[in-house]
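One structure, pasted below without further comment.
By letter and in written order, the chains are A, B, C and D; residue numbering begins at 1 in each of them.
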């Protein structure tokens, strides 16, 4: 088990994921992590992940490509993220699916470069396959709930428990839950079901006060975590 | 006609396109542009284009995706590049081909966001199609010569003149030549054939002294330009 | 100019594009071609193009891949279509876009194998690029009108005339018009604007009587053709 | 356990996978199946799977797309294969990889249409994920051995046993082995390791006598099968 629950915030490509909004978010993430003890991972766009990593130390990029250094115009080698100070990478998100063999290649290159890897799955079955790869965490998100505000932890708890079981058959690995997570209660429910934390996007990015929303999610999880 | 020839340096994803090597290159590009009067465009990886744009003001990103701001994990809206201070974007490179409709969409979004667009073509025919889109420059590069050191301006001058003719049938637009350009003589020959400059990658990125190589290419073009 | 106008019927993957419905359509196409003098091209699904070609001699496949004979599981070399008796191939349809370089490769392989090629374009600009390739006809279809019943020849005549002009700058080549063509009047209008015929799909495939609909479209075009 | 071992012959897009060579192969497959008792599945190109299915009843197509009947130019709905008399479909071959979610969709559509599904995996991990989908068999093939003549059953037996174990953790499902299988001995060795048969391509398609090669592979497997 992890020492603390994880709050992974996927900034996606929302307007406030760039420019000064992004810098504010990085500073807020730092404050929430310090004050709650929750691990807050900021999953940043490719174009400013490096910049945000200079403000906050727990920044992942939203994608990397299955290539090493070389003649690859416009592609992002995992090694390049490491060279520029980014800590990890999220791959295979529902909005950016890759072939299994490419997920494998990125995971291997990332691991070799010293990057952490969070791989996403739509279903328990997809999660099972990913558990065979050198990834550090898996996030399961039913695509039909992403961005809906209908929380996976309430509407489809069997996806979370199914993913935990499917991954558990392979090896011990933290599983985050995502899709439709809107408030502290949804996040706590995911942890209660066995998840090691949540992956959220619109709940924070579209909140009138993103820092307050991160705090709400973090505090609800940590409260439950201490009891477990 | 442009006021000065263009030297576009595609950093690709070579090892020295990241970390301190990249910063050095940005400073060198700035010096070459100042001292020769050639327009030096540094075509940077997605992950450090923003950072390099804070060092040198003529930085393009190597790619952008056909999306606006929104829920697009790991994709790069042209608008995001503009919001982060990048000046332009290279699209449709031989190593990163897109559907024609996606090139169109990126070009339109980029234009709307105030970004310059340099679109690449393999052949005169592909260049003709691109000339109908809101792009600022076209670079023609026969893919079979890229990275070979066999300069297009000598081995396949008809690709350059063919592209100039094909684009010219549509509208007046600067055309750069690329693929295999290795030294000043190759660059000058491209300008002599009617190109507005060159797009290079390995010649500079793999040079023992990238700044000296940029200077050689820039000086050879500018010398000829003044005579024309 | 062609000897007769072209009615290209894209069967797509509608339910009646398979099984006995498909055989009936092939026989109907044969009758319409004989009785009206219009060239009726039946654009068939990959899985039954060969079978339909044994019933009617003017059958095209709906796609081919940029590969020759070899180890390409589940892909269709143009050469294979020729070897199995199919007459031509439609490529780059709005629902099946390819990279420009792949359109080029398929066109070249098809030509070499003796297949006719009908390439699709969304816009005049895309059509201009295709005119540089070894294709026999170009069909222009604004994607936003496909399947709507709003005929391109009435709603966006400038796309047809623009494509004719853009292609004409490159070389002499028949251009078909498509998208939203519903009845004889729409087809005649396209011919009046300069198109060599029409590419239709739902108008015929979803008609209660596909043969009657083909007859209506063919007769309207041929009537006008004779006057021109 | 299956009643008889499986010999799946992937015709790929080799020259003799089309025209009269293909018809001969279908007749030969029929004879081998009858005389040896082995289940011989002929995995045919999209363009002649229907035709071959009228000669031999155990024909699979080499691919299908994740779409139902409708406006999908050049794509192949699983339902269409069923409507045209094809028995099954091979998906996710190493030469035609799909996203996991697309494999899932094709498998579901195929199942609903009454088609059998053979899904391919590069590795035990990929096989584990596929075992969660409604497929009938899984074939594991290390891509680096395909077409080499270096048999997986000898060079990488751990891939076969690893896949058997990974799939077995999920559910009971026949696993075929493939890549580099050249002769009867390699096929027997795969069965000995626990595979339910083999998936071969070049061994048969490039043999001077494809029927003799199929016989050799079938007889070696069935001999061992009877002892088990």
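Observations, loosely collected:
Going forward, contacts are C-beta pairs under 8 Å (C-beta built on N, C-alpha and C of every residue); 3 or more make two chains touch, one makes a residue touch a chain.
Bear in mind the structure is a predicted one, so any value in this text is a computation, not a measurement.
Across the assembly, the mean Cα position most removed from that of subunit A is the one of C.
Between subunit A and subunit C the centroid-to-centroid distance comes to 46 Å (mean Cα coordinates, whole Å).
Rounded to whole angstrom, the centroid-to-centroid distance between subunit B and subunit C, based on C-alpha atoms, equals 37 Å. Listed for subunit C are no residues, as none touches two or more other chains. Two chains count as a pair here when they touch; such pairs are A-B, A-D, B-C, C-D. The part of subunit C that touches subunit B in the complex is made up of residues 97-101, 104, 122-126, 128-133, 143, 166, 169-170. Within the complex formed with subunit D, the subunit C residues making contact are 10, 12-15, 17-19, 43, 45-51, 61-63, 67, 69-77, 79-81, 83-84, 86, 90, 93-96, 146-147, 201-202.
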